[in-house]
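Letters A, B and C name the chains as they come in the text, with residue numbers starting at 1 for each one.
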Amino acid sequence: MLDSWTSDAPAKLFGVSDIGVTPRQLKVSRGTSDKVFRGFILAGALFSLIVLALISGFLMYRGFGIFKDFGFSFFTSSKWEAAADDGSAPAHFGVAAMLVGSFVVSVIAVAIAVPFAMAVSLFLEYYAPYSLRYVLTTILDLVASIPSVIWGIWGYTILMPHAVGWSKTLNHWLGWFPLFDVPAPIFERSPFIAGMLLAMMILPIVTSVAREVYSQAPRDQIDAAYGLGSSKWGAMRTVVLPFGKSGLIGGTMLGLGRALGETVAVYLVLNLVFKVNFHILASVGGNVASLIASRFGEASPYELKALMAAGLVLFFMTLIVNFIATTIVNRSKVPS
Amino acid sequence: MNAIATEVTPVTPRKPWKNTRATLKTATINGFFSAVLATALYTFTGLDGILGWYVSFIISVMVVMAIVSKVTGNGKSIADQVAPVVISAGFATVMIPWISLIGTVVQRGVKGIYTGFFTHDMLVNSMDEPLNVGGISHAIIGTLIIVGIATIIAAPLGIIAALYIVEINGKAARFVRFLTQAMSGVPSIVAGLFIYSTVIITVTHKNNAFAGSLALAILMLPTVARTSEEVLKVVPREIRDASYALGATQVRTTLRVVLPTVRSGLITATILGVARVAGETAPLLLTSQYFVRFTTNMFNSTMASLPTYVFGALRTGTENSLARAWSASLVLIAIVVFLSVIARLLGGRSTGRK
Amino acid sequence: MSDSISTDSTTESFVPSITPNVASVTTEHTSRNAENLEVNGTTTGLEARGVHAWFDKHHALEDVSIHFPQNTVTGLIGPSGCGKSTFLRLLNRMHEFIPKSAMAGEVLFNGEDMYASHVNATDIRTRIGMVFQKPNPFPAMTIGENVLAGPKLAKKKVENPDDLLEECLTRAGLWKEVKDRLKAQGSSLSGGQQQRLCIARALALKPEVLLLDEPCSALDPGSTLRVEETIVQLSQSMTIVIVTHNMQQASRVSDYCAFFLSDGGPGRLIEADLTTNMFSNPKDERTANYVQGRFG
């Protein structure tokens, strides 16, 4: 009784419900010039939608014949053969080896890059001498802008001779394990070397995401850890690393997306062979992007269609990986 | 009572937590033992070369730090002792390829550089000829033209996308941001393939430089949009309110108040976009390709650019052509790094980065 | 019994009016530690001697000397930016985490300078606990793990973790509320409970001194009261230094008060005395103005 009286009191006293005051919606009134302006900007902003739609539309249109001719075997077959000139053998196109190759190379890249990206971002945010941090971050940003063709030429001439030596050592000690086994003792232009080069190339992007989330780790919780007599590493492990976990996963996915789409560098340091291969030290590999770059020049119109279809597959693959990545990264960001 | 007398005693700030003599002493001792252990490792294992020394030293430091924590029992666990070493070593290791790459490009690149390198093209010379003939003038001009046209197309569109997200902030703002993020993930080869399948197959029927510009514009737009968005977000709300309170429309507020405020930031965004695509190779291989001589014909001819020049020289594969590839790489890297430095200097804080 | 009822009734009796009768409210309260007055001047407890603090070139704190007797509560009061929190962080070597910071002077802990070169800073922090302005339980840990985080982080062996857990939570006045959900996340608690959880976490290392940096500034009045009760309880067995903006709080919980003030330059210690004296009969005019609410 008492409760009901108190809860109703304001309404009764001031008669809100009786008179029935309705809130007035405030609407911003805009002049014609503003409406035109807003329309114009919206149209411009939706340009990226048009481009994305056109990309998938056109590649689908051009590659449609291939999907029709080969159906699902386009994804499951590894054979990539143009029709023989004398017509004795029909063309056959399948991207299975290239899809597997893309993932093998990218996963190697991510597996190498992520631990280093964590170390680099922790170093830049918490360990480096304060006066050095700005300089080192600037250097990192500049490294991010090194063109991939230059990574490629460096990877081919400088990295490969070293990496072949490491491959031999790995094969010598761990060769009993299928991953490090090789069918023939040729170690040049292997997925391992391509993955290593890609790791160096995607490191800046993974680092920049990791650094951003690590820098947002709550200062008061770090203080709490120190206040309990924790070492610096203790504070990293209790506060910073758990806080940055999802951001790091997002950054990793972003790096994976970059690695999947990389063309020129992979083309230069990886031996394109149409065969599914999990021996990462063997000179057999490939990825969808470098397939397109290498076959494009001599392709017949029909093979060109197959390349368009492969491009479409690559496009959707990176789109999905990037979508997951940005969703995770955006969610892990503290709204500022 | 003399209040002043108590204040004149000079006090010098000190930092008792910084390296004291004791910590320096431990560091020296640790360093010594690490060096001894490293020499042993280097001698008795298969490690060799500078990298071998580096690896054995890092391992030794970790081992010594771990032993120190066990022996002295200074309350720190092995993880506490070793973690800083691992983290610093991780950073140092990452820097090795950077240093090697820059060093190699400079060292090998300067060999092929002479005055004519910047003034000649490759019309009468093949890639394989001695390094004192032929040059990359056509590739430099080509890159300037292709990237320039791409910028004219992409920069306004990128800034407009950012304006929609920040200034208009309409219902589709999140969607537009999502689209630009999705677009930034488009692999460069796909952008090239797309322009090839639309512009070249359907319209022009042959490779041309303008198609290259369009492909680069696709890759450039998201970078410009993203940076511009960060720049626009920094503009305080009060500035816009002040303009509206003076009776200005949104058009005028945006064009006369907001955009002038962030002009240098938008230039930074554009330069970052240029730096992002200036070194792109894959899309140009499919569109503008390569042409041995200097040309300004955008629509009817292929056109050289620095990345495709490097790529072509590399594929030729002879000693002289490789030297040319390094020299052109040096020029390309200099341009890209120069642009990035300018962008940072210009943008400074206004890009919203810490 | 609901929280709100008990809170309301108790707050009533503490309602401070900054008028001459303040003395009557606080005298009774401080008499609890009266015997400690004699302890002043010895080297036990915590003592700052001529302490300065810098942030890069900025001189934040100038020449502070003060003694915190054992088993007393000292309130550090003063307007914002007067260096109270800086001073507090100097007392357990947290100041040095701010880049480019520096200090001068000595802080004696049981007679020994904690800034001497051979002293291990993390060891000091385990012996002098700290509770911060905002409740900051570790989000990745349960309530129980949070309480025992200290020994784990500081690599201290715990014989009987369950006993320690119960003891700390009881001393922090939280045991009854959380004993059935020790496995829940620390962040599932209310703000006031979180802050008492942070106190329990600090207690798990069995510190001799507890530093509290405006522990109630983010809490509602009811939770504030519970935290204050906890502080008074704890002061029977440990030395407590509390920074507070809230004059009434200082008068309710502290035996001694120290007033800090900055006139635009570095913060200085203006006056320190028994809380009763500070509120009823301050020696310095600026103290009088501040405690009577004329500025700040």
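Going forward, a contact is a pair of C-beta atoms (placed from the backbone, for glycine too) under 8 Å apart; a residue touches a chain by one contact, two chains touch by 3 or more.
All values reported here derive from a predicted model rather than from experimental measurement.
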Inset, instruction - Name the graph shape formed by the protein chains and their touching pairs; answer line, ring, star, complete or other. - result: complete
Legend entry - Which of A-C and A-B has more C-beta pairs touching across its chains: A-B
Inset, instruction - Averaging only over C-alpha atoms, locate the centres of subunit A and subunit C and give their separation in whole Å. - result: 48
Inset, instruction - Provide the C-alpha centroid distance between subunit A and subunit B, rounded to the nearest whole angstrom. - result: 17
Legend entry - Per-residue overlap in subunit B, given as positions that touch at least 2 other chains: 76-77, 80
Legend entry - subunit C residues counted as touching two or more neighbouring chains: 122-123, 154
Legend entry - Shared-contact residues (touching 2 or more other chains) in subunit A: 231, 234
Inset, instruction - Please name which positions on subunit A make contact with subunit B in the complex. - result: 30-31, 33-34, 36-38, 41-42, 44-49, 51-52, 54-55, 58-59, 62, 115-116, 118-120, 122-124, 127-128, 136, 138-139, 141-143, 145-154, 156-159, 162, 169, 200, 203, 215, 231-234, 236, 254, 257, 260-264, 268, 289, 292-293, 296, 307-308, 311, 314-315, 318-319, 321-323, 325-326
Legend entry - subunit A partner contacts - residues on subunit C that touch it in the complex: 92, 94, 97, 99-100, 122-123, 125-126, 129-130, 132-134, 136, 138-141, 149-150, 153-154, 198, 201-202, 205
Inset, instruction - Would you tell me which residues of subunit C are touching subunit B in their complex? - result: 50, 52, 54, 63, 93, 96, 101-105, 115-118, 120-123, 154-155
Inset, instruction - Provide the residue numbers of subunit B that touch subunit A in the complex, in ascending order. - result: 46, 51, 76-77, 79-80, 83-84, 86-91, 93-94, 97-98, 100-101, 104-105, 156-157, 160-161, 163-165, 167-168, 170, 172, 176, 178-191, 193-194, 197-198, 201, 218, 221-222, 225, 249-251, 254, 275-276, 278-282, 285-286, 307, 310-311, 314, 322, 325-326, 329, 332-333, 336-337, 339-341, 344, 354
Inset, instruction - Note which residues of subunit A are touching subunit C in the complex, please. - result: 130, 218, 220-221, 223-231, 234-235, 238-239, 242-243
